[in-house]
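Let me give you the structure first, and then I'll get to my questions.
Each chain carries a letter (A, B, C and D) given by its place in the written order, and its residues are counted from 1.
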Amino acid sequence: MPPQKLKIACAGLGRMGKRHALHFLNRTPRAELVAASSPDPVEIQWAKQHLEPYGVRLYTDYDEMIQQEGLQAVVIASATVVHAEQSIKAMEKNLHVLCEKPLGTTVEISQSVVDAARKHPHLKVMCGFSRRFDSSYRDAHAKMDSGLIGRPSIFRSQTCDMLDPSGFFVAYAEFSGGIFVDCSIHDIDLALWFFGQDSQVKSVAASGITAVQPELRKHNDRDNAVGIVEFWDGKIAHLFASRMMAAGQDDATEIIGTEGKLQVNAQPMQNLVNIYEKGGVRREIPPHYYGRFEQAFVTESNEFTAACLDDGKLPFKLAGAVQAVKIGCALQEALITGKKIYFDEVGRRSEKALL
Amino acid sequence: MPPQKLKIACAGLGRMGKRHALHFLNRTPRAELVAASSPDPVEIQWAKQHLEPYGVRLYTDYDEMIQQEGLQAVVIASATVVHAEQSIKAMEKNLHVLCEKPLGTTVEISQSVVDAARKHPHLKVMCGFSRRFDSSYRDAHAKMDSGLIGRPSIFRSQTCDMLDPSGFFVAYAEFSGGIFVDCSIHDIDLALWFFGQDSQVKSVAASGITAVQPELRKHNDRDNAVGIVEFWDGKIAHLFASRMMAAGQDDATEIIGTEGKLQVNAQPMQNLVNIYEKGGVRREIPPHYYGRFEQAFVTESNEFTAACLDDGKLPFKLAGAVQAVKIGCALQEALITGKKIYFDEVGRRSEKALL
Amino acid sequence: MPPQKLKIACAGLGRMGKRHALHFLNRTPRAELVAASSPDPVEIQWAKQHLEPYGVRLYTDYDEMIQQEGLQAVVIASATVVHAEQSIKAMEKNLHVLCEKPLGTTVEISQSVVDAARKHPHLKVMCGFSRRFDSSYRDAHAKMDSGLIGRPSIFRSQTCDMLDPSGFFVAYAEFSGGIFVDCSIHDIDLALWFFGQDSQVKSVAASGITAVQPELRKHNDRDNAVGIVEFWDGKIAHLFASRMMAAGQDDATEIIGTEGKLQVNAQPMQNLVNIYEKGGVRREIPPHYYGRFEQAFVTESNEFTAACLDDGKLPFKLAGAVQAVKIGCALQEALITGKKIYFDEVGRRSEKALL
Amino acid sequence: MPPQKLKIACAGLGRMGKRHALHFLNRTPRAELVAASSPDPVEIQWAKQHLEPYGVRLYTDYDEMIQQEGLQAVVIASATVVHAEQSIKAMEKNLHVLCEKPLGTTVEISQSVVDAARKHPHLKVMCGFSRRFDSSYRDAHAKMDSGLIGRPSIFRSQTCDMLDPSGFFVAYAEFSGGIFVDCSIHDIDLALWFFGQDSQVKSVAASGITAVQPELRKHNDRDNAVGIVEFWDGKIAHLFASRMMAAGQDDATEIIGTEGKLQVNAQPMQNLVNIYEKGGVRREIPPHYYGRFEQAFVTESNEFTAACLDDGKLPFKLAGAVQAVKIGCALQEALITGKKIYFDEVGRRSEKALL
């Protein structure tokens, strides 16, 4: 008899929810997608076609779904504003939780998820930092861990989306927490992964512009932003986020150590094809983050499932997600106020530069 | 109720057999691996651990396996010498067949599989030319089809394996058909795909050496070989196969047209990491073909399964596999005899150069 | 009779002085190197061997040299602290001046050179921003000018030197003006070139560390530093300078516009050779900036010479060099104090963030 | 007093002649261009503007030019058909000779230059294989010599020109010797350099097509050709030449050894700029060979000059140029006749394959 499969539900069937649902349905052998929910009729319609025929029960109400008999876990891919609430409710129903990033748009909300998880230590609760599951990032991290580049000192990372001229991001900015919380959260999480989860931020500075979408200003957001995050142990992360790339998704990371440098995706590419044509040599690049990180998402589903079934260790701690939101929010504040923000060695805000 | 799954068996559990078995078990949602066979006790031992617990029935005898109740298809990954025989037996049991390349080491044997398949037109019979399922090759082919490079004229392709100092390939050469039939068969198949499946070969010439494994000569084989295949419609393929790469698997292809050139994998890479260190910038490359083509194999399993279940069209015709073996065998003969070999416009051997 | 050649002298025969001398001697057909000076006996010894035999008169005293009969121009490659003084003296002798960067380590000193040049409008006075003569930077600038990337908005640039474990840079830091004035001055100059020479700085922020040479702190310097320069017209430059690269010189620049991005030297390389070996594929990179910019220096010599002889226009204005020093000094101050520094729209310091 | 300069004349002022003349005039400090000749009034007109003002005496007659008082050397860049004759005449006037490749279009003619040079052992006589002076090729050769790739075994090289739709190459083919003698001669020379100048050819095979210029057939030429050159010591060169590249000059070389592989220019590039734009990432590539090899030509002028003035050793022997022509002519014959051509171990033609 084959081993038991993890019965999981998917909350939210938007862009990323659809993908999570399909990953658990088709590409996670040890999981069984048994339920999915969305308040959106269009999304439910999609699910009737793509999920229901395979035995997935559909709900318009999240609370109802998580009462389904036999359910063991939930993947939360709904709007960011309900991430925390749905996560906590799931834990109260004794369900493992894989929650899309960020846990929330404020430190307090994010922390509430961590607090709830502490009360349910037998549950697996993970924030979906997909890049942690990407084979290239993992390879770079392993190489760093092996000492290949000496002591990591400078971290540079960017999340650059292709321009979406539809105006989607303007509406989205109202609730996203801003470009540093929404986009750079990945880079911040990577910085904490490469520099050490307990790194204490010392200062943040940021500048931004609205090069293509001035309407973003009404939501205190920008379409391009750069930031510096300084840590107390003598390490620095510098970040760039943009929503106006012409060529496609351009996410790159460098970790610079005292004896070497590791680059991840410094030459973005759609696949292994080069085109020689009038004008030179061209390669295409992925149009969006899913083109870059599809495999990482699938690995995420599989590893989360294995941890739930085998009571295994998750690859990283939930608490880090709060630290990432803290830094992201500070950067966003620095971006909007124009001020540099300082922290003392135990994480409290300081009015002055501390040397 | 979820749709029916394809009940499939795997014949042979060697290097590639294990992979096919796992792909059908875990990564082909519409298939159900129900059986596997191997005459090798070590392989059966592996299967007891990795397949049996998931409901896969094991056999030491292929003939017995293909009688299993409810079986619908078989993937054949046994030794090349039994590919044809096992394929034909499967068809006689009314099973769909996915047979590893090559169908056989001679044209006659390969043709026998095609002949059998003609007698069972309702069965899906496919030769596992995995590169046909690789997303980069498919992208290149689609770009060529769209006219991006004008009329394709010159094709250059290489299959270069990392040196295996164990001597494996010397023993293997006794039955492999030789480097052009075993390695270059992929490049030849690609040439036929890009130039048109009905391309008629006009001449072949080849030269080879034993740079690292002189013992190969006793099996009329070489460890490095280059060949030229000329077609009657004014197109040329030039091929290189090697088994002595230091860095890893190095399979590259170029299609040169009158208005452009497409390259596939001209810069092999293990992943998206660059390492800056004393000595320069380095990237790793896959150690073997599976590191390069893993996703293609998974796509192959899934598309074969879909074609069987939905009575769909296979992505390419079986007969092409015979043409590939014909060219491979001619190249191998040219390699060993030192002679150039000519064919007339209907495919018969000619003693003289035809202009 | 061949046209007249420009009679030029070289002041300073250190690392860069030697190179300038040889460029004017051998690789600048329209120039004739007639004199060279250095107070250092070792450098004079070198000159006796490499310059004197070709008709170059040697001096230990700069003031004496610039009185040489028939002299028309001088290239100043002496220590940074005497750049300004020697430039002004040369102008007073009616000599054209090519002065190595930076003009000085403070805005005031740098401005004094510009003021002197204004009094001698018939003289060609240029600051040696070598990257302005690099064919790749020029190509990128021309492409930007042609509108290829829309409106340039974000500029990212780094000057990263290979680690020199000799401790040279610690001693050097005493007079260099610091890493932003010495290294990043090139990137700042490029930012002004790509964004427009009249761009007004709005704020600067910076952070730095001493990852490998803590002794730099006694000279208020760092071995790694990142900075953000915000301009009043909604453009941002972010900069990185380092002196601890393991692999070699790693100077890269990106100009990101509303419709595209241009990269210069994102994949540094020594030449066009790739090495496939155990461990992967490797390319070497230049050990120092001269390996990257040799041709640019030669172009600089030739274009400066042509401008002098033909009373032509220099490719960029001297005044920009002061603006570059101003930004470099502000970044260095921000680096050391930990404070963000603000400027109003006419360039005066402001205590507060201006939105 | 500056050391003596080499007084040199330039024969022929076509495309390459102009370049040689300017290199010796402006970029070869130890040489003095004193004369130039061309029978073509248009070329003489160009020379009146670009050479005469700098003291270069012009001739319409080569024989007259080489009698000029004080002349020490000549660079021959005239039509291929007079290369040999002009070289021999120059030697008879006691002049050093740098002759453009090939020495002639037949082995006999080429050998006549070598024979003449043997009679004037004090003269420096060199065939202008410019790639021998390219820093990337030199670096690759030095790395091979150092043992980095073990024993070199397979050589792959291509000379691929951008399509010239003017029809120039059709007329040119009448006297060029054909694509293997004109284009691949560089690759053949490189093969001899990397494999050893005394490598004995064992067989050649070739195939070609006229993909874009069928008129070439009237001169027994092709616009695309591939060839295999087998050597008696177990080494193989495979070559590709094309005149229909869409993107630009695409000359690449690989040397594959038992322990590694060296690539030269596998990713052709115009400069260090990458363009990110709609459609992906693009880099430009040089439109013609001079864009790729300009520096190599300049190095050639300088090293030839130094060898003449200092009675130094030339970097390679003249006799190799005959061997290159021999192989080129054999490939051209194999291309046209469709036959494989065999040689015995002492270089004589054989009717049969020799194993």
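To be clear about the criterion, a residue touches a chain if its C-beta (ideal position, glycine included) is under 8 Å from a C-beta of that chain, and two chains touch if they have at least 3 such contacts.
Everything numeric in this text was worked out from a predicted model, so none of it was measured.
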Chain whose mean Cα position lies farthest from chain C: B
Contact-richer chain pair [C-D vs B-C]: C-D
Distance between the centres, which are taken as Cα means, of chain D and chain C, whole angstrom: 39
Whole-Å gap between the CA centroids of chain B and chain C: 56
In chain C, residues with contacts to at least two other chains: 149, 245-247, 250, 259-261, 266-267, 270, 276-278
Of all residues in chain A, those that touch chain D in their complex: 245-248, 250, 267-270, 276-285
Contact set on chain C toward chain D in their complex: 1-3, 25-27, 29, 53-55, 135-136, 139-140, 143, 148-149, 259-267, 270-278
Contact footprint of chain D on chain B as seen in their complex: 149-151, 153-154, 156, 203, 205-212, 224, 226-228, 230, 234-236, 238, 240, 242, 244-247, 250, 256, 258-261, 266-267, 337-340, 342, 353-355
